[in-house]
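Take a look at the structures below.
What follows is chain A paired twice: with chain B in the first complex and chain C in the second.
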Partner chain A sequence: MSNPSSSPATSAPIVEIRDMDFSYGSKIALHDIQLAVERRRVTALIGPSGCGKSTLLRCINRMNDRVPSARVTRGAVLVKGKNIHDEDVDLTQLRKQVGMVFQKSNPFPKSIYENVAYGLRVHGENNVEVLDDAVERALRSAALWDELKDRLQAHALGLSGGQQQRLCIARAIATQPDVLLMDEPCSALDPIATLKIEELIHQFARDFSVIIVTHNMQQAVRVSDYTAFLHLGKLIEFSPTELMFERPKEKLTESYLRGTFS
Partner chain B sequence: MSASLPSSSPEANPFAGNQSAVQRRETTVRWLLRLSTFFIVAVTVAIVMHILVKGLPITLRSEFPYVNVKFLTELPGTLHVIFDKQGNATETDVNGADEIKKQLGENFREEKTISYSGGGILGPIVGTALLVVVSVSVALFLGVCSAIYLSEYASKGKRVEMIRLAILNLAGVPSVVFGLFGLGAFVLSAPVLTDAPLERSLFSIPLGLTYLSFQGWDTCVLSGGFTLAFVILPVIITASEQCLQAVPHGFRETSMALGATRWQTIWRAVLPFATPGILTSSILGIARAAGETAPIMFTAALAFKDKLPWQKDLPPLPADAGLFAHWEQSVERFLGIFTESVQALPYHIYTLAARIPHNEYSERAQYGSVFVFLLLVASLAATSIWMRRRLRGKYKW
Partner chain C sequence: MAWDMQKLIRSFFASNASVTIIVLLLIMVFLMREGAGFLGTYKHELEIYRKAGLELCDLVDRPLAQHQDLSSKLRRAVTTSIDPLIQSTRARRDAAFYIKREIEQSTTLPREALTQALEKTPALDPAKLDQLRRQVASETAAAAATAAISNLFSAEEVARLRREMSLLSPEVTEMPSFLTELSAAFRVMDKEAKQKYTQLIEASDLFEEAPDSLRAMLSELKEDVLFTKEAAMEYFTLEEGRQKLLKAAEVATDLKEKADLLAEAEASKTEEPNYQENLAPVLERREELQEHITQYADSITEALKTLPKTGDVPEATKLLAEVHEHMPLHVQAMRKSLTEIKEWQAEKPVSIITVVGAFFFGSAWLTNSSWQDFFGFVPLLAGSVVIALIAIVIATPLSVAAAIYTNQFASDREKEFIKPVIEFIQAIPSVVLGFIGISLLGDLIKDMSEIPWLSGLPGFPIQERLNMFNAGCLLALMAIPTMFSLAEDALNNVPQAYIDASDALGATKLQTVFRVIVPAALSGIAAAVLLGLGRVIGETMVVLLVAGNRIAIPDFGVGPGFIFQPAHTLTGIIAQELGEVSRGSAHWQALFMVGIVLFAISLLVNGCARAVVRRFETPKA
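Right after this comes the complex of A and B.
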């Protein structure tokens, strides 16, 4: 794990959330969120169920747009310095830059190759050589290439649970995003598969930023450089992971981390 | 206190007691349910056996090629039956009648003519196949489009519920009403491009070289196919929508998160996986479209027609006609298929059974047609099932 204090941020935050309120209809889900995610770092979002961490994650690639009546009511979300709610934002281009991996691994019932190539295909890439290269690169990054290179045309659903989730990760990074959002990517996996994915996350931080929602606090310690603790739609504390787990500033954080949460 | 009770009575047999009334009711109910089911099965078997017994001898032959080729490859015609004085009957068509009468000479006793019962049933087979192809194509296109709209685009609310209700109501409309609708809408007032609008045209819009005239398509395959399409649309829309909804929600989310547009998502991540189910729904549509009589009575079907839809008299090409002229005429001939009226199996069966005097000859033609009709519907459905199997193997989750 890289120590954030020893390598100070050299550039502007890749994702910046400013004074954001978010609500589902009349129900306020997130209140006054301020968060600056640094480039090439892993940021974990933790907190009890229903605290809004997944909602916050989905604000960053506007996946909440799919829910009618859900909207940002105040503040702004900036990715690479650009407000993602600006009128000239092309959602498909935003999501090309901000990839996402879901809790439940959900490869398409197609071949392994077509799963990984999906993102490039929808962005109009049809050149076989380009696709082949991208598929290989993505599978290598997801540590799947050696296992799967001989059966790229096999059905994706024939893979094990851990392989399926890594395939979903390969699919998400095939378009070479700058930010990868991960929504509890290991919650359905066994410890060994979880370990493999955590290793991947470490490697990813060399090339892009990862924001991961997790229920597992040990996982947050293992993979992240920064941790944000949310409670009831509010961001209680945001600091370097080591600092937060050793000396939490807020009482609420401390009791949550200790497990004496009421 | 307990000592006053006979101690043996609760111990004797706690499961005994007079249960016979309850048991009898159980048995009665079980047999009622069982017999109802058996009755339905028996009726189904009876129908199939009846048609097999009556229809098989007409369609099949004991010697090579084992099928009644004449019955399957000839157009219907009037049957002439000539009796001699010994009571022997000879069956022939209108052309053979005089010859046989001459041969019999003095021995000739009587000649019977039975309309529609001679020849074969190629005309109705072709007509029904064409109507099914047109109606299922139109209904699948319109039905899948509206199912996609309802399932993927329309926001859930009162408006969508109203649309659904309207579609369900469409399913309840009696088929003869569809027939009259088709007559009014497609036969008499649908738009066509023509150089000279008919007098009955509702109105015509001049388009420079030609006119867009709302004068209808006449009685033809196209009118009948569109009318039948509306009969089967509710089935196809409802089933297609269910199939689309059955595709896991995660596929849509993932696809959108990868930067796909809504249509790309539907086209690449939803529709392929719903296709097997949608094809299943078209099986029901095929059977329904092939079987309906009322909607085609006024829109497409004739009781009798002595030509197949593509046997149209076109001006003969000059001997030195180029390849293009030949190609052009083939296209014209092909398109002409859809603007011809046809015979259809259900209407042919109705004609034989109810419109002409009943006798052994008409009954024969009638059961032969019914048998072939069932076979045709079954094979169309089998094709659909086979396609679905293949697609299912490819897309399963």
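Right after this comes the complex of A and C.
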């Protein structure tokens, strides 16, 4: 947004999902997904409950690996052109590149500082100056620095709900990921806290890509450049947000957006 | 009707809850009632102890007890000094005598046959005797020829030994000449060695004899005061009986019975001994006693002056240094007793604070003594605390690590195996664990402590098979199921959201476990450890069987090796002694006091565990 010439539409997508089927055991959760997420853009995933939005999001950083029977049965997920299921992919490195923010804020029961520094620490960073810098930068990016700079050693669980969620965002971006996955990050927050986070998402798009799952269609309109609509495990439509909300190509999309969905 | 039914069910559940609470309260009240009388009874005993004059004797006797320790150190210094000089000659003598005994033993049968034959009257046929003699000779010769002879002897000497030994017979009474020579050589050597250390030996002897006159006098005094004390005890026993009789007479309805009871009470009436009068002759000898003490102190100071500062062997030097260090303190303590004796007053009342102090800070638990019973609580507390700490130090890493593994790394099948197995430990009766401690672990630890390359460990090689470490190991085993289950619960209760967040940041499994899960579960783990401690403090059977039951404060001065000393415990002492004491005596009440303190400790530990959980459960900014 800030520098259009540096993000040509022709550049390779940061995340690409090719003909992917995904299933939990014998139950197919996602079917034949095709999706290319552009660099430095915000992509929203919308759709009714149980359509597979969160599952799709969790495919991108392989969070589904922990469910024993869950696996990609066909196709591939590529991050920066690399298939993330390849043998030589280091999961910790992948997750360093692909950060994640959860529906419910989940700061560690540690100090504010230690929460933000955690990602760097687990990747082997112990230099205090580097950590201090990274913590400050991340907290500034999450618009928390001014509020919290005087009590970085305070316990994170003493913060308000909105602050906790922004702290989780700061924690996720402290490792400077290329993609930030957000799974309904505002669903538990009040409108003011939601607004603050939406502002952050706008700013983030200058530096990296954001993929956000949301139930709130107004939010999708407000924050995203592209929107993908999923229904029953299938990707129904994927197009620039404005286009989708003004002139949806598919009947299903139209009825969902209008709320006449059955 | 429906409402009534509900009310009924409600009160049924409420009454069940209240029964438990009431029972607990009753237990507490009972404990308190039995224990509360202790301070009064003990105070009374201590008053007699003072009035009869036993305390006066103890003023001297107590510091004098050190003398034994010091003189045994000196004796050891003497032996260790002399030993290297006489060692080789002694070894030669002993080896030769050993061979003689071996040969005699291996030819027991013919020798005994011959001896019996010679004793027979009338005398046996000479030809038969000759035959027996020949048999002895031939077997002895054979044994002497084949006997293994140590390399302490030269080839020549070996030959001579064999030759002389082959002539052994029950009829020859004199020693083989070689043995006589060896004995003589040893005596010469021993004398020489003793001459070399004359100074040390003389100082040691002087020191050993120094308290003789003081001791003699003290035992005379002790006899006197003990007589008074026993008279007093008898009086109080009779008096108690008399009071009971009088009370019975009061309520008796039958006139004759009443008269009988009163007569019986009258008959058992005795006088309380006159303490002052009895003590007067003892007090008169006070100055004499002081003189003896001064004399003793002077003579050991003198002995110390002539005592060499170093020995020729390191062991002796070490012992002498210890004696030089402790002796002045001993002298000081003895001289201090002089003023104490002077200031001592038989009439001074025993304050309740003194009694409380004597219980809670008393360093001796001495019961069924012919002199005076003391109920000092410290040795038992020390034993309990040390054993519990050993158990916790061993059990904590084991159970916490096992819990972490089971909760975080184990596969479902492993979990199904590990959890029931660890929880099964709880099902082992503690008396069975006691067996294991006595028969298996004790020997194992002792054998291990005798392995040469382990001798560097503190306390090795150990003296006692039954000791605090042994008991601690078994209690650790008993605490593991509790601690494991609680720690595992604590780990289980860590919210999944923390684990998600850590995983999403690229942490490895290990990092997630040790940076997020374990810290988040720490309060629960701490509570698990504390509850384990509570379990261990209250455990009785194992410590009673395995801890060694020596009532003494562990000697912490020996370094970390003190854990291999035997000890007694709060729980063990109750279990061991309560069955044997007479109901209502001071000893009985003292045991109840111990029970009360034990109860208080358990409450405290459990309270701490709750506090820890509450403190960390909902952290505030």
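The rule we apply is simple: the second predicted complex is superposed on the first by the 253 of 262 C-alpha atoms of A that agree within 3 Å, B and C clash if a C-alpha of one lies under 4 Å from a C-alpha of the other, contacts with A are read in each partner's own complex, and residues count from 1 in each chain.
Here is the rule we use: a residue touches a chain if its C-beta (ideal position, glycine included) is under 8 Å from a C-beta of that chain, and two chains touch if they have at least 3 such contacts.
Predicted model only: the values in this text are computed from it and were never measured.
When the two complexes are overlaid on chain A, chain B and chain C occupy overlapping space and clash.
Touch criterion met: A:158 reaches chain C, while chain B stays clear of it. Once the two complexes are laid over each other on the shared chain, residue contacts for A:63 go to chain B and to chain C alike.
By the touch criterion defined above, A:93 lies against chain B and chain C together after alignment on the C-alpha atoms of chain A.
Contacts of A:122 after superposition on the shared chain: both chain B and chain C are touched. Contacts of A:172 after superposition: both chain B and chain C are touched.
Touch criterion not met for A:53: it reaches neither chain B nor chain C. Judged by the touch definition given at the top, the superposed model places A:104 against both chain B and chain C.
Clashing C-alpha atoms with chain B after superposition occur in a single stretch of chain C, namely 19-27 (options considered: 19-27, 163-171 or 289-297). According to the touch criterion, the shared surface of chain A, contacted by chain B in one complex and chain C in the other, consists of residues 61, 63, 66, 91-96, 99-100, 102, 104, 106, 108-110, 118-119, 121-123, 157, 168, 171-172, 175. Those residues of chain A lying in contact with chain B across their complex are 61, 63, 66, 68, 91-96, 99-100, 102, 104, 106, 108-110, 118-119, 121-123, 157, 168, 171-172, 175.
Residues 155-156, 248, 250-251, 253-261, 264, 268-269, 273, 395-397 of chain B are the ones that touch chain A when the two sit in their complex. Of all residues in chain C, only 495, 497-498, 500-508, 511, 515-516, 519-520, 619-621 touch chain A in the complex they form. Listing the residues of chain A that touch chain C in their complex gives 61, 63, 66, 91-96, 99-100, 102, 104, 106-110, 118-119, 121-123, 151, 154-155, 157-159, 168, 171-172, 175.
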